[in-house]
Amino acid sequence: MEKNQNKAWLYLLPAILFLAVFMVYPLVDVFIYSFEEGYNSASQTYFGVGTYNYSYVLHDPYFLQAIKNTLILVLITVPLSTGIALLISLGLSAIKPLRKLFQTVYFLPYVTNTLAVGMVFMILFKKTPYTDGFANLLLSFIGAGSIDFIDGPYWAKMLVLCIYTVWIVMPFKILVLTSALASVKEDYYNAARIDGTSKFRIFYKITLPMISPMLFYLVITGFIGAFKAYSDAVAIFGTNLNAAEMNTIVGYIYDMLYGDSGGYPSYASAAAIILFVIVLTITCINLLIRKKYVFNK
Amino acid sequence: MKIILENLTKKYPARGKKGGEVIAVNDFSFEIPDGELIGLLGPSGCGKSTTLNLISGLQKPTGGKIFFGEDDVTELPPEHRGVGLVFQNYALYPHLTVLQNIMFPLENLKGKNKLSKEDMKKRAYDAAKLVQIEDYMERRPSELSGGQQQRVAIARALVKMPRVLLLDEPLSNLDARLRLQTREEIRRIQKETGITTVFVTHDQEEAMSISDRIVVMKDGVVQQIGRPQDVYDDPVNLFVAKFLGTPPIGVYKGEIKGGKLYIGEDAVLSVKKLADRKVYVAIRPEGYIPDAKGALHSTLKGVEVMGRDISILSENSASENPVIRSIISADSKNAVNITEKTVAFALKPHKVFLFDFETEERIPFETV
Amino acid sequence: MNRNTDYIRIERKNKTKNIAFKVVIYLLLAFWAFVVLFPFYWMILTSLKSYSAYNSEYIPKLFTTSPTIQNYIDAFTAVPLGKYFANTLIFTVATTALMLVVIVPAAFAFARLDFKGKNLVFTLFLALMMIPSELVIITNYITITTLDLRNTFPGLILPSVTSVFYIYLLKENFEQIPDELYYAAKVDGTSDFKYMMKVMLPICAPTVVTVTILKVIECWNSYVWPRLVTDDAAYFLVSNGIQEIRENGFGRENIPAMMAAVVVISVPLIVLFLIFRNKIMAGVARGGMKG
């Protein structure tokens, strides 16, 4: 028995080692960093302990801009992408021919490199001296003037970022919702049809309650994911997000850590913990709402 | 409401490279009289569920017509047919209470048929009382037993006062004791409401016990329609004879030679006016009379005493069944000597059926 | 008779309604398929246009009559795309292989072996699943910098190895193997290690493959960590490489060549996806998330 005990730990050892060094220790450390004032990464010294880092970050206009950007992104893309995904999944589950083909196509964005395809969106929306770009071509059809979506007004840049974010997160949502819809037994629909239930009522009274757990799962993961947006923004606007007014909270953390404005791990840590607290709060609120509305077996 | 099925046919197109089209229901014609309970009976894949779905309108036939009374409903979508359907696994909405489940069909009514909340509740409670589930109205389906769920499903099907009630394997998810109880319940409800009812089952005992008429199906083709006892006593072919009855009928390879019916070496019956030919001989378990002078000789394998009757287990080299069960009244238990190696039976001629060796169709015969 | 005509009207109305409904659905689905595919079309189209042709199109053309592969040649010669590719390949293979070595025994221990504190340790593992990478990446960055592992493969690979979620996924799968097999193997004198390698792994091969593919996708697309620990272009992965190409690439803004690079980067994963379509989609549906 004793020998067995040791053996089990031996099997776990590599995982525990890796997790201890790269997850548990950093987790503790990030809190320490966030309270160490005036930390110098070259000499690894600091002046004192306190909440100055938090106060600095919370007063940094770049951080406030990042919070604003992230919030707008979250509030627009999460409902929008979940709604469209639900619509498309409902459509998918109502057809038979071509269903597999559509599903395959819809999944493609998931397996693409966010950075690489983001650049395609960039050139689709970009206006240069040589060309107005594809987006402006479309706008000209409806008689609107041309806009530079990449270096132009704030709302235009935000629009591109939202469109790209929705495009990127759709595959996962469509996939989850189609399998949720498929798990609703055909008999429920047959029973409802026999009783002459209208399509809308079937959706509202049967489908929606039955897939509500999955829908809420998507909303929660959607919130978490959107709060961590970063690479999509880099893909479209380049690495200097602060200059483009398009930085996100995660982008702010990395910029504090590294690059031209970097070298401040304490500020980065404070920002990371603020982000964590925001995400945690929102998730808890979501879970509370979930308890109230979602049907559980 | 009588239901008329006219040359009803459902074919599925061929799928993939191999395999032709599948004929689920083939040329089914039948008039179901108003107020009767009809059992659609057959092994799985015989087309009985498809027939039910065609009547409900969930599936469209590829040929033939369906009439409810005088109305041709063949192309009518299910919601306009006025049918109630009880599903095999009940299909109760898990997120709704029993009351909400039963009220669900009523809430769909529109226009002049629209009911007030009170009327809906009253109708729901009436239906619930009919199936004796009125004490559980606020529960969720998951909090009910299988039998109770079944009742809720029936109440939901009945609440909108359908013209036709359809039940798809309604008892298959219940345990043996509940099944017996529930099938009597279904019979009682059907009698009380007088609603024309079609129900599908693969269990012949179930169908025989509660149906006014049974329809035996095989491979999409109707084999025989009739009152349960008539079908049992007078099967049209070997399949029907084998499908009905527990214990199953004993089937032997036999031959008619010079006006006598032979099983193996034994000339068991004299038959009039039949030319010499090979036949299948099928004998109902209650068709044997143990008799030392009997003509049919089999190897005795054992005797099981079951109170009211006893069953004799025997083997016969001419038989299709590995073991033949004969049921005799317990009063005559001394007729068989367990220590003997063989047992001899006389046969009750009306419990013996002959079938053509090739077509397996019934051959009528008269004994001398 | 009157009723019958009424029925015919209902039937007709019903049929028209159904057809209209289907048409709307197909239009919607086709529209979204177009939205998904158009960027891919645009990237391939642009990559086939010559530099001069592209820049002379003030109004972008939706097709090209004279495709060229010059951009693809440029992508591999003018910028070190080949090098980025090789780096990503090394990174992906090494990280995925190491991950398997780490998570398979861990999942085996949780699924099969009994030891004191198993539940506690497993709960702690699950708790780690909730920790966002943004929280730990800061210290990891400092750790790797302090260890002088910036711009090295170990620095890239080591922090990316573990995934608690995949341990969890594998453990669930391992537990579905009936106990009898384990006891039978024990009776035959099979060691635990041999049982894991020769019995569990082959039986659970589908899940292992799924986990592997998901990790490969994750590695191929990773951007944030490589960006933090590499500033020497000799160690860039494709994500950082493409960003570098965009910002300092071909000496001038050569969008067709950039798109050629984007195509080259995107193709391997799309091919992988088309081959393992069902596995990938099933795996992602079970709890994968982008990022």
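The chains carry the letters A, B and C, assigned in the order they are written, with residues numbered from 1 in each.
We take it that a residue touches a chain if its C-beta (ideal position, glycine included) is under 8 Å from a C-beta of that chain, and two chains touch if they have at least 3 such contacts.
Predicted model, so just to flag it, every value in this text is computed and none were measured.
S.K.: Considering only which chains touch which, label the overall pattern as line, ring, star, complete or other.
M.R.: complete
S.K.: Please indicate which chain is farthest from subunit A, where distance is taken between mean Cα coordinates of the chains.
M.R.: B
S.K.: Please tell me the distance, in whole Å, between the geometric centres of subunit A and subunit B computed from their C-alpha atoms.
M.R.: Averaging C-alpha atoms per chain gives centres 58 Å apart.
S.K.: Rounded to the nearest whole Å, what is the centre-to-centre distance of subunit A and subunit C, using the mean of the C-alpha atoms as each centre?
M.R.: 16
S.K.: Two or more other chains touching the same residue: where does that happen in subunit B?
M.R.: Within subunit B, the residues that touch at least two other chains are 77, 80.
S.K.: Looking at the complex, which residues from subunit C come into contact with subunit A?
M.R.: 21-22, 25-26, 28-29, 32-33, 35-37, 39-40, 42-43, 46, 55-60, 101-103, 105-106, 108-110, 113-116, 118, 121, 125, 128, 131-132, 134-143, 145, 158-159, 161-162, 164, 167, 192, 217, 220-221, 223-224, 227-228, 238-239, 242-243, 246-247, 253, 255, 258-259, 261-262, 265-266, 269-270, 272-274, 277, 280-281, 284-285, 288-291
S.K.: Subunit A touches which residues of subunit B in the complex?
M.R.: So the residues of subunit B touching subunit A come out as 56-58, 77-80, 83-85, 87-89, 91, 93-95, 104-105, 107-109, 142, 156, 160.
S.K.: In their complex, what parts of subunit C are in touch with subunit B?
M.R.: 3-4, 7, 10-11, 14
S.K.: Touching residues of subunit B toward subunit C in the complex: what are they?
M.R.: 70-73, 75-77, 80
S.K.: Any idea which subunit A residues touch subunit C in the complex?
M.R.: The contact residues of subunit A facing subunit C are 4-5, 7-9, 11-12, 14-16, 18-19, 21-27, 29-30, 33, 41, 84, 87-88, 91-92, 94-95, 98, 102-117, 119-121, 123-124, 128, 130-134, 137, 167-172, 175-176, 179, 199, 221, 224-225, 228, 230-231, 234-235, 238-239, 250, 253-254, 257-258, 265, 268-269, 272-273, 275-276, 279.
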